[in-house]
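Common to both upcoming complexes is chain A, partnered first by chain B, then by chain C.
Let's turn to the complex of A and B:
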């Protein structure tokens, strides 16, 4: 039983990170029909930007700020202006393929400029345990969960409670009407790209101390987040959150109770079942687009 | 005029060919990228350092050594293609790869070409297939695992043991031997956990170890995965003593796992922390050249080149066909060839006999706790 509790906590912590990445997926899809297959690599890169800042002599806190800012410039602004905007004119599929190429490019660039070897990465959460209901739970798991939940709540509040959020929703649901009533649609789209960059930088900061900084570490994350987004509902932020948590827990339970060899297969099978019986995702709505 | 040009061209060609023939060509295929990048990079740097030293002192039998490095991408399929390409260039000796799986698929190619292959793989089965051209630079699992099992049973006094291994040739080979030995000694294996190469998340595996509550945990994974599981073991508060091999307590693992590596123990055939003067000197030279402390793979690459030198000097000529025969049964003493670092004997199967070490990680450093003597 204590084993199950540990597995649930660890699964939720990993799932919360998947959720952050999956939310970014859905945001980009909602506002600009971008399916970003480089999303995993987007999580890998900020850690290396932070490491580069630390190698240049910056303290950890400054490296985090620089890393997040650089991520927003490179993975938000530059990604939109240099890749999405020019490719979008040719349709969704060429853009999706271009993001696949970007994923390969990012991996190779990090391998070339940094190293193919893994590097250690400091944790923002101290190591140690706290006791919940008589169970020792690591501070790191709790810290990851709290930061991820705060980020998701912050985002939901922004989308639902502020004028800016309402404008973003309007831009996503019906750009033509939004434009007529004076919503700066282009700026709203750019904003979602910047928010996605912020989310992946945050995910990078949380996951890298556990997975280590490595050029290939985005592969697993990108895939998990993609599955999470589809399972939860590609057109709903809350769907992506639920999907992320579900896949995190499912992955851990599968590794423990099915078999380590087949752990990767279980979320895939679940994905197929969801697509067969509820193609809009568990919380998604058919034929609707909101953020 | 035409004939003068032709004669000139021929002369230039002849000079180039003879200069080329002067150098002894070695071919290296290693894990320079992918999961084994730590292994391959250390191995390659060790080779380069040895060659630089030997050439600075006039080479082998008056001829310089030359090496080409190829990247297996830690992938047996790529390794096979790279080895085939390297063999087509007819090297004197083939060096590498480091991963057992890659060695397994490339060894038949080298044997067919009649070229000796000096490699880094440690899987037990590699030297048991009757290959007459394959040589180790470190212990095979059949030599190291009995020492590990004995230590877990005698010194750690563990009655129950959890065994975590990576699901590839290397991991499976080690797991089979250690479980057999533990069983023979009377320690019970209460958890037998296979993990995947490149696995990032070890929460579930560590959860299973916790549930089994063993007296000791034997961890047999590659370097990066070892670092990740060490962190997870610490995260979940597993306090049972940890025992492994070189891959659990290597420099890279300590760097990646930080505090979580403290207290882990391992049997090590080669370590740069060994209380051996020649190894200390090697470590100093390597660190000075590459700005980092090498792990045992750096030593293996370095030794591979000195094995070539000592064997060639023993033959008194550069003869690729006789190389393997000469190295079988050969004892190389560090007093005669300091580059070999410790006295070593090669068996008829290409296995080695050498002293080894028991190491514990104390405050982020490898500390040698015991020196285990050469078997014969």
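Let's turn to the complex of A and C:
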């Protein structure tokens, strides 16, 4: 029983990180039909930017700020202007392929300019355990969960409560009409790219202390985020959150109760079942099918 | 233009074929290996081009079918079966699995389909890795024999390169015939407008499944050649990145163009090798090259050629129109 409790907490913590990454993924899809196959590498890179800043002598807090700013410039601004903008008009597939190439490029760049080895990364949450209801729970899991939940709440508040958020939603749902009523659609799309960069940098900060910084660590993470986004609903932010948490918990439970060899299969089978029987996702709205 | 275009094309094709046969004769072992790999990957990419480029069904599972073919061939040939029998089994197996994988395509399209096939690809990898009683698990299968073709041993790199090249030629001819047959037209109808295709009496269900099954079967053939080529297989080459690579080959070469997969496979297999002199940078440069190419021409390399030819045709046509117009004016 205590085992189940631990698994649930650990699963929710990783799930919360998946949710952050998946939310960014769905935001890009909604506003610009970008399927970002490099999303996992986007999570891998900020940790290395922060490590590089620390190697250059910056204290940890400054490295975090620099890392986030650089991620927003590279993974937000530059990604949109240099790769997405020229290709957006040409449909989903070429852009998706270009992001696959980008994923290879980012991995290789980190391997070449930084290290092929895994590097340790300091945690923003103190290590140790606290006791909840008689169970020892690692502070790290709790910290990750709290930061991720705050980030998600902040984002939902931005999207649903502010004029800026409403403009972003309008730009995503119907760019033509949004433009007519005076929403600066281009700027809103850029904003979602910056938000995505912020989310992946945050996810990077939370997950790297647990799994170490490695050039290839984005592969698994990117896939988990895809699955979370689809399972929850490709066109809904809250769907991506639910999907992330669900996949995190499922993954941890599968590792404990199914088999360690086939743990990766459980989310995949779940994904296939969801797509076949509820393609709009558990919380998504049905998209009208384009003929 | 068409009066000299066709002989020119045939001459060019013959020259390329002759070059593929003659030039590698004094290549070293590694060069022949890379070129054989190009031939094998071209076959797999051609299969995906059929599924994606002609029938418009996105698949991220082609690498899994290469894996299925490779394991079928490895297991059978190490147990004493001849390679041609193994290839037939690989075809049948990939065809059947591909047919089943086609069923989701009847329900969902585009990115959803991409993710179903992605999930399948990961599941296949897990089976290759974990079912060690069959696949040797992470230790893989070694000492895969190369076949005797018409009594000639193909253990050396050059004869086996000709086996790969010959197989590529046979598959190319079959695909050439297929896309010109009513089936090929039905595939394209499926891609362009499934609703209209259906209203014209094309059984879209059957053709969708067929597109998947045939494309997958070609992946199986490629795998069945890959196993004796490397003579050792383990699960790693058949993970998701092979499927992504194959998809990249098809798009970069030009999806829906007959020669697209050949060029795409050339870029994906040979370009990194040519860039090897840059040492650690070669994959980075490769990635940048692919991105630049796609920014320049999202329809791939053959898209550039296609645009150029179309432009020339419109120019020629407008020149003709101008001449006709001026003649009309002089008559008046």
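Here, the second predicted complex is superposed on the first by the 287 of 291 C-alpha atoms of A that agree within 3 Å, B and C clash if a C-alpha of one lies under 4 Å from a C-alpha of the other, contacts with A are read in each partner's own complex, and residues count from 1 in each chain.
Operating definition for what follows: a contact is a pair of C-beta atoms (placed from the backbone, for glycine too) under 8 Å apart; a residue touches a chain by one contact, two chains touch by 3 or more.
Just so you know, these numbers come straight off a predicted model, no measurement behind them.
**Q** With the two complexes overlaid on their shared chain, look at chain A and say whether chain B and chain C clash or fit.
**A** Taken together on chain A, chain C would fit alongside chain B, as the superposition shows.
**Q** Considering only touches as defined above, state whether A:261 meets chain B (first), chain C (second), both or neither.
**A** Both: A:261 reaches chain B and chain C.
**Q** What is the contact status of A:83 with respect to chain B (first) and chain C (second): first, second, both, or neither?
**A** A:83 sits against chain C, while chain B stays out of touch.
**Q** Can you report the vertex angle at chain A, computed from the C-alpha centres of the three chains with chain B and chain C as the arms, to the nearest 10 degrees?
**A** Taking chain A as the apex, chain B and chain C sit 70 degrees apart.
**Q** Taking the superposition on A as described, I'd like to know which of chain B and chain C A:278 touches: first, second, both or neither.
**A** neither
**Q** Per the contact definition in the header, classify A:3: touching chain B only (first), chain C only (second), both, or neither.
**A** After superposing on A, A:3 lies in contact with chain B but is clear of chain C.
**Q** By the touch definition at the top of the document, which applies to A:269: first (chain B), second (chain C), both, or neither?
**A** Touch status of A:269: second partner only.
**Q** Looking at A:220 after the superposition, I want to know if it touches chain B, chain C, both of them or none. Which is it: first, second, both, neither?
**A** Touch status of A:220: first partner only.
**Q** Once the structures are superposed on A, label A:238 by its partner contacts, choosing first (chain B), second (chain C), both or neither.
**A** Touch status of A:238: no partner.
**Q** Determine, under the contact definition given at the top, whether A:211 touches first (chain B), second (chain C), both, or neither.
**A** first
**Q** By the touch definition at the top of the document, which applies to A:120: first (chain B), second (chain C), both, or neither?
**A** In the superposed model, A:120 contacts chain B only, not chain C.
**Q** Working from the superposed arrangement, determine the closest approach of chain B to chain C, counting only CA atoms, in whole Å.
**A** In the combined three-chain model, chain B comes within 6 Å of chain C at the C-alpha level.
**Q** So which positions on chain A get touched by both chain B and chain C?
**A** Touching chain B and chain C on chain A: residues 111, 261.
**Q** Considering the complex alone, what residue numbers of chain B touch chain A?
**A** 32-34, 37-38, 41, 167, 193-196, 198-201, 203-205, 207-208, 210-211, 224, 227-228, 231-232, 234-237, 252, 255-259
**Q** Would you tell me which residues of chain A are touching chain C in their complex?
**A** Residues 35, 37, 83, 86-87, 90-98, 100-102, 104-105, 108-109, 111-112, 223, 226-227, 230, 234, 261-262, 264-265, 268-269, 271-272, 275-276, 279, 289, 291.
**Q** Residue numbers of chain A touching chain B in their complex, please.
**A** Contacts found on chain A: 2-3, 6-7, 10-11, 14, 111, 115-120, 127, 129, 136, 138, 140-141, 209-212, 214, 216-217, 220, 251-256, 260-261, 263.
**Q** State the interface residues of chain C toward chain A in the complex, per the touch definition above.
**A** Contact set of chain C toward chain A: 58, 104, 107-112, 114-116, 118-120, 122-123, 126, 129-130, 193-195, 240, 244, 247-248, 251-252, 255, 280-281, 283-284, 286-288, 290-291, 294-295, 298-299.
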